[in-house]
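Structure incoming, see below.
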Amino acid sequence: MRAPGTVAAGETLLAVENVSLRFGGVKAITDVSFDIRKGEIRAIIGPNGAGKTSMLNCINGFYYPQEGRITFKGETRRRMRPYVAASQGIARTFQNVALFKGMSTLDNIMAGRTLKMNRGFFWQLLRYGPAMAEEIEHRKVVEEIIDFLQIEHIRKVPVGKLPYGLQKRVELARALAMEPELLLLDEPMAGMNLEEKEDMCRFILDVNQQYGTTIALIEHDMGVVMDLSDRVVVLEYGRKIADGTPEAVKRDQRVIDAYLGVAH
Amino acid sequence: MDTLYAVFIDPFMQMGSAPDLLVQTLWEGLVAGVLYALIALGFVLIFKASGVFNFAQGIMVVFAALTLVGLYEKGVPAWIAVFLTLGVMFLLAVTIERVVLRPLVNQPDIILFMATFGITYFLIGFGESLFGGNPKQMIAGELGLPRGAVEMKMLGGFVSFQKIDIAAAIIASAMIAGLAVFFQYTRIGRALRAVADSHKAALSVGISLNQIWVIVWFAAGIVALVTGIMWGARSDVSFALEIVALKALPVLILGGFTSVPGAIVGGLLIGVGEKLGEFYWGPLIGGGIESWLAYFIALAFLLFRPQGLFGDKIIERI
Amino acid sequence: MFYRETGQFKTSYQADMAVFPIRQDRIGLALILLAAFVVIPFFGSDFIISSVMIPFLVFSLAAIGLNILTGYTGLISLGTAAFMGVGAYACYKLTTFFPNINIIVLILVSGLFSAAVGVLFGLPSLRIKGFYLAVATLAAQFFLQWCFVRVPWLFNYNASGAIEVPQRTLFDIPITGALASPETRYFVCLGLVVVLTWFASNLLHGRIGRSWMAVRDMDIAAELMGIRLLNTKLLAFAVSSFYCGVAGAMMIFLWYGGGEAADVFSIRLSFNILFMVIIGGLGSLVGSFFGAAFLASLPTIMKFGLPAIGVPLAGATAEHVTFMLVGALIIFFLIVEPHGLARLWQIGKQKLRTWPFPY
């Protein structure tokens, strides 16, 4: 389904080196380095306000870090427009669902295909011939994703009317429609009940295994993080305090202090 | 070369050679600016407290002035007419809160903005059917406002100041000071600032949103009446003011939507900039540039500082 | 009862993606077109055609233009009338320079000029959002209106400052100028509106329409998905202004037949078009027609309809009451149905579809 990437499985897909981000005097991220390997599920955890979402924002070009370098597929950059990140194969979902509320599920996911569609304005005017063929071709891909995430029944429903759990799923579908190499998930299970969480976990694992998509995820549910992820990076107050396998991180004294507090 | 000279050098030579004219133009600009600032102030009051971008503020000015003059023409003594008009503005605030704002709570800003278009059109129609569409004379004399002009000899010429303009500046300053004190130091003022920050949070600590809305819309109504009197005393009271009132928008952009000092500084800047532009640069391209200059000043400004003069830098979050 | 989709199975994605997937809708559309092309021109009076139908078509096109910008892309514009004016003046200059080219071609080409001006004034939209953008479009409104008065080249240095519509023919039938009959002018308007509406519908149902709506609903997410904001917004400005420009050219050449165009394209007209879009339904093509029909017929109804049912109204009062009514209706619609007449229409259809067993 997907063209082979230039990075082989197990090698570094994305490297973050010494990244710092400030808003005026507020330091959101200070000198953070880590890497994401092709094909793995990488969790980013940390207490509230640790700079996790800001980190994702840096990775896909929404914020510009003042210092440091980000290397994706061997290309290093400091500043990048979000659409360049998107066209290089970085997709994401958002902490607070950021769907296109006025559009149907189908249109939302189809919008995820925008980058792959290139029929020009005049064919679009006619909506005939090549433009129609292109629509149908992409519709087929989208239907596969809909099928995969089991959201057939809400295909034509405006997403603003959907319950929260389904909205999160549609958002995942939209990100998948971009056929990303790197998928950033910002708290994909926030506010879900146990059953919905289990579903979502299964989808994430399936995406990782079936499509071979590399996934970076922010999550607060430690059980989920420990089960899903191959490696975990822990942030606190914008600094990296631990990095390694879930088991190693779980035993790290600084992580325990950050989550449980330090006895004084 | 000639064009460059005409645009970049000649106007300043003119300013230098006739400083009295420059002062006169600046004064005219400041006076226009005070009125823009007053209209903008009405906008800011409402925007701060309810997040509604009140497009109808300009028409509220006309409506207040028309009501005042209309009542006077019906034989009501001038000062009683003022109080009756205040009453009308209060009724208007209550009605708007009941009929427009309350059913639209929690709607997107843009919907509320459009609703104020509806208020604008309704008030135009309502005002015209009550008072007719003809321009009216403001009852400035009856209200004890001064007439005539003060001529001052300065800078080798004469500069004339209309007394009414001086009065307008003083009254406007007093009113702004009063409002500032009211909002900073009273209980209602504090509640109002709370509402401005977050409707839901304010509701949850027991602040009555409806009451606050009535109060700010009434306050904006008072500002509108004062503006209307000042404006009417300079020219006629008519719906032509509707177009002029739109000038408050560039003022707001300069000053920021939530800043009272911003509205004042912005108003003065726009007023002065507009008059200087018209007087010194207007003739170069045929005059009448007052109609759009303010918008271009605001636009140019926006491109460099999208958050306004006094606004904080906006950090987008997701 | 006749409005059912039972038994109509879609067997291809193409069928599912059709603009009118239900057969009855397609029949309805055919009937409407039949009425517009046959019934009205042959049975309508000149009065109906020239003071109800032609204004309705012109306003519909302008409303579609504004809806593309405001309803679909979420960019508020208060400068619609100015962009219409650009179309009208461009068309006037084009007829002067190219007297031999068919006027219909020129009307369409003048839309391109309007599109160019629209893009120019749309440039700030990348940095400016919401109300701020409304002010940018006000700059366009007042500046362009000033140009219409102060740049005599635009109206060929006429002493009156008015546009004089020359006589132009198609197959030897006059379609503009004093000799053109209301029916021919109506046909030209109708043809243009039908074709341009079809184009708009195609655009909106495809990739471009989705990008516009994505920018409207959540611009940051759209950008992070690879939709280039500036290009998308400028394209919306261009297409929207094109429609407005064509509507403006039609307004002067096919409806007014000339006149003091600078007064016509005032901020009041901008507001009126905006109201049509609000009342009709933001983000709905069919709503643009509903809104235009409603506001275009309201003055006529007030002037002639009310006296006919025994409510006497003087001319001026009627105008004032119209104002009040429009204002009240806007508020009413925003409260009751922010999606306007178009949504009511949809709800009605949905009810009909499931009638008599809605569950």
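Order as written gives the chain letters A, B and C; numbering starts at 1 within each chain.
Heads up, the rule we're going with is that a residue touches a chain if its C-beta (ideal position, glycine included) is under 8 Å from a C-beta of that chain, and two chains touch if they have at least 3 such contacts.
Bear in mind the structure is a predicted one, so any value in this text is a computation, not a measurement.
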Inset, instruction - Mind having a look at which chain is the central one, using mean CA positions? - result: C
Legend entry - Identity of the chain that, by mean CA position, is farthest from subunit C: A
Inset, instruction - Give the chain pair that accounts for the most C-beta pairs in contact. - result: B-C
Legend entry - Distance from the mean Cα position of subunit B to that of subunit A, given in whole angstrom: 48
Legend entry - Averaged-CA centre spacing for the pair subunit C and subunit B, given as whole angstrom: 33
Legend entry - Euclidean distance of C-alpha centroids - subunit A vs subunit C, Å: 41
Legend entry - Set of subunit C residues in contact with two or more other chains: 220-221, 224
Inset, instruction - Among the residues of subunit B, pick out those that touch two or more other chains and give their numbers. - result: 316, 318
Legend entry - For subunit A, residues contacting two or more additional chains: 62, 94, 98
Legend entry - Contacting residues of subunit C [partner subunit A, same complex]: 12-14, 17, 199, 202-203, 205-208, 210-211, 213-214, 216-218, 220-228, 235, 283
Inset, instruction - Please name which positions on subunit C make contact with subunit B in the complex. - result: 76, 124, 127-128, 130-132, 134-136, 138-139, 142-143, 145-146, 149-151, 220-221, 224, 267, 271, 274-275, 278, 316-317, 319-331, 334-335, 338
Legend entry - Partner subunit C, residues of subunit B touching it in the complex: 53, 99-100, 103-104, 107, 109-111, 113-115, 117-126, 128-129, 133, 243, 246, 249-250, 253, 257, 285-289, 291-292, 295-296, 298-299, 302-303, 306, 316, 318
Inset, instruction - Using the touch rule from the top, collect the residues of subunit A that touch subunit C in their complex. - result: 60-62, 81-83, 85-87, 91-92, 94, 98-103, 107, 110-115, 117, 119, 121, 124-127, 131-132, 135-136, 139-140, 143, 174, 178
